[in-house]
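In the two assemblies presented below, chain A is common to both, partnered first by chain B and then by chain C.
Moving on, here comes the complex of A and B:
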């Protein structure tokens, strides 16, 4: 005879599992989440493999703080600087959110480079992960463009002249350079339409591109798994001394059979 | 197949039609800026080569027609008793293939109709909507002979301070031909566009306010850029630092005894001074872009040549 469920199990079934089943049956969301998150990883992963996720969190922080800042920022040449001053000096917590966005931008770019360095040094760009590397390079380029376009928005002297120099640097590219520069500054030089254009690039086009690229990048990570580091003994086929984690990590790591990502 | 050994299906070799198509599209885009004649030519080229290309690409598909027996009804009186009906299979184009092609084609066309004007709106105004307002710097008496005057003005007063520009104006007196001569340098450094400063004391007391401009006499025989150390002499020639040409200059005109600023042009170099200066003039281009020498080959067409 089947064991009777306890009352607690019945409540859990009714309140949690039943709705989840209902959703999963119709969308596959629960199975999808499990596929995405509950993956086996090689046992010799380290903190180095968390850099990509850290970059993602930095980007999501930028998205959130940026969306909120956009509620107070005015992308107009005659009021942009004042609106930034207003955010920083007058509005409650404005200094904090603007600071998060401003310093978070540097954190994001630094983490991008650290993550890229990790992938390079671990050889994690090799077959079959070439497209992960390529989407990563595109993410790096769009991320740098985010920095470039965002730098103009405070509309102070530093922002203005740094952007003048940046645009004219682009302008020295052979053949297409002067055309690119004129497109970026909406005319021969920075004028009334430039700020709004850069705001739109910074707020809408580039984040859209980054989101799409992150989607592809993460799909590939999930599909292909995490790489063991190059010095992995298990990957090399050598047996490691059995050392089960102890303390708080006890039971968290499952020993691989032949090592490496399966 | 004539040669039985070559009976594996193969795709056709590359053709030149895509290149013609690309040239047509390029002509069309250039024509949108230059003149409608070139645009029409480009459109015709693009359509013609596009059709040829499409015809080329779909040759295998069109050739590979499955043989489907047409639905025919045997008409009784045509069928002589004992005769075997002769069914010649007619070439047929299956409905599924037609629907697939028309769906892809129509969606592509609709997508192009929707996105091309939008992309054009993103790119073209930067090249087509360039205001060429002339700037009035007031009577000629404002400019003492042989002395530089800093003129700051709003290029487009409606847009506000963002269009403030600075020129350095020097009255050279009369040229040998007896015409009035002015040296009018643009303050943008031709290294990367920072604001060049006159190296000398500014005479604040002789400041002159005009409607959309202000004039400030300055005692300067050279100009320096604060960003990367570019230095220019009184004619705008580079004397030190990274600039790649001489300072940009304005054309000017004199109307009713008032100095009117015209358009900007780029200067390769200047020999001689003042009214006797020989200026190698080029279409205006982005700072940092070479206008003369071998490096200028890297910039065969710059926007100001197209937009005028």
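Moving on, here comes the complex of A and C:
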């Protein structure tokens, strides 16, 4: 029979482990979290590989500040500008939330490019991470569209005229161009309908797509693992001088018996 | 005999997995610690930018990081220099390199599409296993060239000052001369409006424009309508059986008058 538990252990069991077990049995959430946290990464992983996480943090900052802005912003040509003034000048710390959202957008885009540059430099898009790269490129595109659609919302001169140009640019595309321009401006006039449409794109559709893509992206990186710096002497998966390990490690590495590989 | 690439890849990856398992460090807490520190840095930088932006600017008065907002949007303005967010500057500048209207589509659609396809396809055309930059000269040179050209285009786009109207506005004096309305201020204003309002996404005027969706050449439109009718036309094209073109009533009566004056002055007996 098992050793009798101390009182303390019993309390921990009852208050922490039992509920966790209950949840895990029904969702697998605890196993999932362990799978995410308690995995190994190559031992030479360092600061360069934090850029992806940094991008994630920038995006989450945007989500949070954006949600707060949405509580006070009015997507209507007659009141949008005033609501922006109100947020910036009257609300407690409104300027901070708006400033963080505005500058967070630029930081997000910069981090996207830096992260992509790191991945490119490390050759981390190669087998088996092709889809990881593709979800990344889609994130880059949707991320930039976030900027494009968000730019209109303050409804000031900069916003308005940049949007006019942006829509006209879309209009130059062959075949779909004029149609696309019509869709984006919702009629010939850049007005209430345009603003409502862009607001919906900016705070519903595009962020939804980004969340979904980030989900896939993070799942893949957890499943596949990150690569070592390619110049590292001790990189994971380095070629061994001899086909099979020798010395102390002899017999430890069983090639080709892991995972699905045969 | 060479093994097939798929098999080789699987073997390499199995070694990687094995190494990570045996020699790797825990994501938690080691990598996570770096990530957390980096996360704090990011948030602090964002807060820092917001603070600098707010303290140095005052309403529409710009500080080091620009104004808090510009004047309220006014569709009637004809001389505002449009400027997108900085990460679209490169596109913005490409527009100046390519000629409107013949080749502008290269800048607006061609180059971005090609870039996107090249990016998406990267893992499929660069299939070697080699990851060391020193052994990937083609990839590295391509990357450096891309970064330099993006940098230069972004810089040029940031410092370009002339009005955009997609370059069309610069044609206004030419039009005025050709059609002989240079002394008519209202017509010149109207021409500027015409240049920035996207009319040439469909129409053609003196060789500029697209000629899409069956929109006629407007160079001699003054032969066909008088000024008043033109105002009515622009206010409600549907009345004239035109369901493709939308109403331009939002430009305001004054601007519509100017536009119509310009169109009215565009007749075939030049000057």
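Assume the second predicted complex is superposed on the first by the 223 of 262 C-alpha atoms of A that agree within 3 Å, B and C clash if a C-alpha of one lies under 4 Å from a C-alpha of the other, contacts with A are read in each partner's own complex, and residues count from 1 in each chain.
Keep in mind that, in the parts below, a residue touches a chain if its C-beta (ideal position, glycine included) is under 8 Å from a C-beta of that chain, and two chains touch if they have at least 3 such contacts.
Only a predicted model underlies this, so the values are computations on that prediction, with no experimental measurement involved.
Trainee: After aligning the two structures on chain A, examine chain B and chain C and state clash or fit.
Mentor: They clash.
Trainee: Check the contacts made with chain A and report whether chain B or chain C touches more of its residues.
Mentor: Answer, by number of touched residues of chain A: C.
Trainee: Tell me which partner A:64 touches in the superposition: chain B (first), chain C (second), both or neither.
Mentor: neither
Trainee: Would you sort A:192 into first (chain B), second (chain C), both or neither based on which partner it touches?
Mentor: A:192 sits against chain B, while chain C stays out of touch.
Trainee: Tell me which partner A:216 touches in the superposition: chain B (first), chain C (second), both or neither.
Mentor: Neither partner.
Trainee: Is A:106 contacted by the first partner chain B, the second partner chain C, both or neither?
Mentor: So A:106 only meets chain C here.
Trainee: Once the shared chain is lined up, is A:114 touching chain B (first), chain C (second), both, or neither of them?
Mentor: Touch partners of A:114: none, neither chain B nor chain C.
Trainee: So, does A:126 touch the first partner chain B, the second partner chain C, both, or neither?
Mentor: The answer is second: A:126 touches chain C but not chain B.
Trainee: Once the shared chain is lined up, is A:96 touching chain B (first), chain C (second), both, or neither of them?
Mentor: Only chain C is touched by A:96; chain B is not.
Trainee: Per the contact definition in the header, classify A:181: touching chain B only (first), chain C only (second), both, or neither.
Mentor: So A:181 meets both chain B and chain C here.
Trainee: So in the superposed three-chain picture, is A:30 touching just chain B, just chain C, both, or none of them (first/second/both/neither)?
Mentor: A:30 sits against neither chain B nor chain C.
Trainee: Any idea which of 110-118, 128-136 or 182-190 of chain C is the one running into chain B?
Mentor: None of the options clash except 182-190.
Trainee: Return the residues of chain A at which the contacts from chain B and from chain C coincide.
Mentor: Touching chain B in the first complex and chain C in the second, residues 77, 161, 164-165, 167-169, 171-172, 174, 177-178, 181-182, 187-191 of chain A appear in both lists.
Trainee: Which residues of chain A touch chain B in their complex?
Mentor: Going through chain A, the ones touching chain B are 77-78, 161, 164-165, 167-169, 171-172, 174-175, 177-179, 181-183, 185-195.
Trainee: Going by the contact rule set out above, which residues of chain A touch chain C in the complex?
Mentor: 36-43, 45-47, 49-51, 53-54, 57-58, 61, 77, 81, 84-85, 88-89, 95-96, 98-100, 102-107, 109, 111, 117, 120-130, 133-134, 137, 140-141, 144, 147-148, 151, 154-162, 164-174, 177-178, 181-182, 187-191, 225, 227, 230-231, 234-238, 252-259, 261
Trainee: Taking the complex as given, what residues does chain B use to touch chain A?
Mentor: Within the complex, chain B contacts chain A at residues 123, 125-127, 129-130, 156, 159-163, 188, 192-195, 227, 264, 284-289, 298-300, 302-304.
Trainee: Provide the residue numbers of chain C that touch chain A in the complex, in ascending order.
Mentor: Interface residues on chain C, with respect to chain A: 9-28, 30-32, 34-35, 37-39, 41-43, 45-47, 49-51, 53-54, 59, 65, 68-75, 77, 80-88, 91-92, 95, 101, 104-105, 108-109, 116, 119-120, 122-124, 126-134, 136, 139, 143, 147, 164, 166, 196, 198, 201-202, 210, 212-213, 245-250.
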